[in-house]
Amino acid sequence: MTVDFRLGDDQRALQAGMRTLLAARYPREKLRAAVDAPPALDGAQGAPEAHGAADPGPDRKVWRALGEAGFFALRLAEKDGGSGLGLPEAVLLFEEAGRALLPGPLAATHLAAGLVPGAADGTRIVTALDGPGVAEHLTSSDAVLLLTSDTARLLPMEAGAGPRALRARPFRSVDPLTPLHRVDPPPPVCPGVIDTSADAARLRREAALLTAAQQLGSARGAITLAVSHARRRTQFGRPVGAFQAVQHLCAQMLVRTDLARASVYAASLTEDPAEIAAAKLLADSAAIRNARDCLQVHSGLGFTWEADIHLHLKRAWVRAFQWQSTEESEEFLANELLMDAAEENAPDVWWGTEGGENVLA
Amino acid sequence: MDLSGTEEEEAFRHGLRAWLRETLPKLPPRPPATDWPARRAFDCAWQRALYDAGYAGLHWPSDAGGRGAGPTQHLIFLEETERAGAPYVGANFVGLLHAGPTIAAEGTAAQRARWLPPILRGDEIWCQGFSEPEAGSDLAALRTRAVLDGDSYVVTGSKLWTSHAEVADWCELLVRTDPSAPKHRGITWLALPMDAPGVTVRPLRTLAGSDEFAEVFLDGVRVPVGNRVGAENDGWRVTMVTLAFERGTAFAGEVVACRRTLTRLARAARANGRWDDAVLRRRLGRLNAEFTALWRLTQWNVSEADHAARTGGSGVPGATGSVFKLRYSEARQELYEAAAGVLGPESLDAGRAWTADRLSSLSYTIAAGTSQIQRNVVAERILGLPRAW
Amino acid sequence: MTVDFRLGDDQRALQAGMRTLLAARYPREKLRAAVDAPPALDGAQGAPEAHGAADPGPDRKVWRALGEAGFFALRLAEKDGGSGLGLPEAVLLFEEAGRALLPGPLAATHLAAGLVPGAADGTRIVTALDGPGVAEHLTSSDAVLLLTSDTARLLPMEAGAGPRALRARPFRSVDPLTPLHRVDPPPPVCPGVIDTSADAARLRREAALLTAAQQLGSARGAITLAVSHARRRTQFGRPVGAFQAVQHLCAQMLVRTDLARASVYAASLTEDPAEIAAAKLLADSAAIRNARDCLQVHSGLGFTWEADIHLHLKRAWVRAFQWQSTEESEEFLANELLMDAAEENAPDVWWGTEGGENVLA
Amino acid sequence: MDLSGTEEEEAFRHGLRAWLRETLPKLPPRPPATDWPARRAFDCAWQRALYDAGYAGLHWPSDAGGRGAGPTQHLIFLEETERAGAPYVGANFVGLLHAGPTIAAEGTAAQRARWLPPILRGDEIWCQGFSEPEAGSDLAALRTRAVLDGDSYVVTGSKLWTSHAEVADWCELLVRTDPSAPKHRGITWLALPMDAPGVTVRPLRTLAGSDEFAEVFLDGVRVPVGNRVGAENDGWRVTMVTLAFERGTAFAGEVVACRRTLTRLARAARANGRWDDAVLRRRLGRLNAEFTALWRLTQWNVSEADHAARTGGSGVPGATGSVFKLRYSEARQELYEAAAGVLGPESLDAGRAWTADRLSSLSYTIAAGTSQIQRNVVAERILGLPRAW
């Protein structure tokens, strides 16, 4: 039996290790302390410069701990100091990161391991810009991966120089832990930019998949929050989880998450571009809709800043625009339907008015 | 995690493909749905061909006449036969996928010897007598009575939604043997010969205008005690094997078929200009993601069942089948709505084969447990929420 | 107090009269007898000619009874033999017709009253063709109203001559009581066609609104079916209507129907093209989705030919394509948003990043 | 059926428009939401301007200091002030729309004389103390206790989701006076002076990052018996007047505002090129239909309430308010999702005013009765289905 979605023992150990690391290095208290720190929220209300200075960036201690644990070097060959593992393992770790709401350009730094010295061991933070648009953590990153559909370039920087080098303007991000900059189209010739021979299309696909894995983790985290609340909270004299309406909200959260999970895991095994697009599409929806349903299950108690639900929702909104938007995924998957050569000459009895054979009976 | 096939599996796949390539072109066209006897003959002939080639009862245990293949091989079988456009299991559905596995799991040696070989050879057709007018999703409410009289049960009542009843030889029947027992207790599983005196079959016309279902009226029908599978009053547990099976690989072929339909829809939309409508095009793109994921989820559930079977579990997919069915049933309905979008007013043409499919699809969120009940199952059995009632 | 959606006494009397007429002339038994008559269902399975001959057409006795009751002449001036009433009253009557699943080209004949002799008194049946496409009851109609965006022409016919005159081919209609023909684009010059001075745009709008009213009636009929079943049917030891999931299906049926009803009634008063488009859009959705939800509430028992739910659904599918499709309504309503001159120069504080004023607070 | 205005109504509309044209340009900008005292001053000044012009308490009975206008005139007022971009009721919301009408309907002459004029003049601000940590949608579960001690109730407990608590003078408070009474009985309505000893207000930060809500802690607070409106233990019925009011015209202005927002979205989409996306464009078209219909449904409900009032009924919209709210709350959430579609990644900018609106909109399917509860109300009270629990 080979078609097998169950995790191998090594994969389970990796996953458990990541959970342990996050519980120790990025427990909920640390998350909440970062969220409640005033500058992260209000930075951009003053001048752009003030905002830039106020961005605390990802926690470099956590970043280095991830580096030491092999998170960034996971897929580098052992001879290059990596673990020689693949996307299936990376997806498991990114899922855990998404569940813990760990902020920072994790996917970009992971992809830059082997391209940017220090990325693999977590001593340098690498963010990315996929075409013109919006970049995260630009102020606090040490390098920017500049991707187009067919080029992958690198811009190493002094810390804090990103916005100037790329003509970027900060804005107040809806996600308190993901500072964002609007970036103009980067000039074709830009001082300090280094060409790489990396396969840009592959990097963008992998980034989309790793982002989908984080969305998946967030969607699963929202289920845990919703179910635990529904069991505990009573209204009208019984646990709200005993109300069919609440049960059904929770059930639908699981349905869309299980679909997204099968899709993300399968895409990590096949690396098929269409499966990756499907994974991103379904994981984006699952993360956003689960956060919404989780909020509905929590009713008023979920509407507070103290509850973590809004952090899941806001992060999910940010990630949905990263690497492959819903619109791009849907268009890609639509066009992929036309590529299915096997159906090119199939007889069209289903549409036709002749003949009794019903090919879908 | 692994999605690549073993050598043995790939060999099986290639052998099957070769056999299908050779066999399918020689088949006559399947008779229309209005001619049930001809359909029976066609379906049985196909089953016989599978039997002769060694593909019958692939996933049945070898001591039941099957090949003892794991779920993955079964999945490959379903995938390849669907891709090749092979005939459907049709009239043999209940025998091969419900009654047969139940008898294989719970029947005596004599019962297995009597009933299983004719199912595998395509000699005998089974139908299912579970639903009743007052017991749709709620099997515990079933009222068809059976009273022991000498060496026979005397059965009186009626059954609904019995497919292929008119051409069936046997009916797997649930009857109430202990009316005083609470809820699910007091139900017994019987094999009813459809030619027994007192059995009346009345076609039940569905909203699609077709009559593949029937009502079965039972008026003092005598069923020998030897036709009982499992203990008296234990029919609910015996049946669970069947119901759980229904939520396992049962839809695998259909998911493959839906993916093919989607491809055809895209081509048809490109041909008739509707492809330029971004609303429709992106809807097809999203359905592509959904059905791709549903296929992966099928594999997932099958691999879990396979693992459970090999480690001493039941091998029967549980509530994860509900997760699959909840999304699959709605996605398939959405597929037909997208098809209506491709066709425009032409979608009102009931002369096209797809219209019958569209109308049939309306039952998917109802049959074999409504979506409402499936959501309760998922909430309570998987998520551990308190019982709603 | 003038803004008033309640029916006046005369309107109530009209509505009650229509209900009484339909109960007497088109009771459920008559509907079911027509549905179960073999030719209506199977006509087109043979040759097209056979189908044409088999189409029984709308019941001419009912048609004449409607004519005598003033249904078709409702909006003609009293001097022309009409009742001098308006669209609000017509909408009420069409709603009742939709609820009773009365078949036939009711809107076209109503619009043709005053244009086609005999249409007003129900002695002649008039169908319509809105551009090329699909026409209903072509074989049994006595005349066809040919509409384009700016012309309204008439084609009087011998009974049964419609398909030949318009080069139309029958197909087996999904709705057993609405025979349909595919019609090629009608030639600009066509023997026997009569120009009329009628305002084509107005006729098409009115037809859309009257069709919306029928959809509304069907949507309300589906609620009645669902609620009565949910009260009566027991499962798991209680009425299914006591299950929150079933309650919520029924509640959503009412919500979308009340919205559609407010929209249809308002459009009948204002005759505003955008309100008519909104009414058609919402009533189409309400009719289709209510039939779907009604089926779900009925579970297996609704899936039979004997239940009326499928007739509501199939008729709703047919009507959704008549006069103004969902796509056309949505596009019209989108463009109407750009016409709102009042907002032309409105300050855009909501979008802007400057200023604290929140115009939607 | 009639949608045209009477002469009197049109005269009212034109007078109001003229006054708004003259008055609005002279107003200072509304202070930011972070400066609550300044907001209170602004909101009260606007209420005073309305009072001086004769528009305060338009729909209040004349013996309560209002103008006794019917719901239709009130609707015209809400429509015209919103269209003109006039300030919102803001901090005066609870006084004008909840506490005031309750006191007008249920208070004694002395209570009306004490509390109503300052509300109409914009002199005193009220807040609402209904929700509690354990009693969200389920007011019957509220636990804040009040014990009679001489001529005062001694109140202990806490309240949640109290808006404008920091700047309020009074709080309409629900307390439990009879803990042994079942469910809704044993609740009493009190007017709590917010400066009474033992009242502590702690801002409650919402997920939008704003703090217009607060928690109110009550530690042995003495409230004179004379501050009780209605009989002891009759507070639930007294409150129903208020809650039902909340489901009446309360959203009229917002529906007008949503229609304006939609128009702006269309213009913004045309300006930034997103208008070419048919998916987005048609979604905006559908929302146009929804909000047009929601406006008509508001008029409908108001005309029903008006009729009921004139024929001796309560004038209070009942469960039809639930029908409206169910669709309105979701349509408004969909409006913001469409806005995100127009903006693309720019929608992630929390510096734009609309982001706060988008985040606030997440509460619409929760506040004032979750959609789940509203559906139960519609099913049971309008459709007559059996009670779910």
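We call the chains A, B, C and D, going by the order they appear; numbering starts again at 1 in every chain.
To be clear about the criterion, a contact is a pair of C-beta atoms (placed from the backbone, for glycine too) under 8 Å apart; a residue touches a chain by one contact, two chains touch by 3 or more.
Here the structure is a predicted model, which means the values were calculated and not measured.
The interface holding more C-beta pairs in contact, when C-D is weighed against B-C, is C-D.
Averaging Cα atoms per chain gives one point for each, and the point farthest from that of chain B is the centre of D.
Centre to centre, using the average C-alpha position, chain B and chain C are separated by 39 Å. Chain B and chain D, compared by their mean Cα positions, are separated by 54 Å. The mean-CA centres of chain A and chain C are about 48 angstrom from one another, to the nearest whole unit.
Each of the following residues of chain B touches two or more other chains: 277, 279, 282, 349, 351, 372, 375, 388.
Along chain A, residues 171, 243-246, 248, 327, 353 each make contact with two or more other chains.
Residues 41, 44-45, 133-134, 171-176, 180, 182, 234-237, 243-246, 292, 295-296, 299-307, 309-310, 313, 317-318, 321, 325, 327 of chain C touch chain B in their complex. Considering their complex, residues 277-279, 282 of chain B touch chain D. Residue ranges of chain A in contact with chain B, taken from their complex: 1-8, 11, 88, 223, 227, 230-231, 238-239, 241-244, 246-248, 250-252, 254-256, 258-260, 262-263, 265-266, 268-270, 274-275, 277-278, 281-282, 327, 329-338, 340, 342-343, 346, 348-353, 355-361. Within the complex formed with chain C, the chain D residues making contact are 1-6, 9, 29-34, 70-72, 75, 83, 85, 88, 254, 257-258, 260-268, 270, 281-282, 284-286, 288-290, 292-294, 296-297, 299-300, 302-304, 306-307, 310, 320, 323, 326-327, 343, 349, 351-354, 356-357, 372, 374-376, 378-380, 382-388.
Contact residues of chain B toward chain C in the complex are 131, 133-134, 136-138, 140-141, 160-161, 204-207, 209, 277, 279, 340, 344-351, 355, 359, 362-363, 365-367, 370-372, 375, 388-389.
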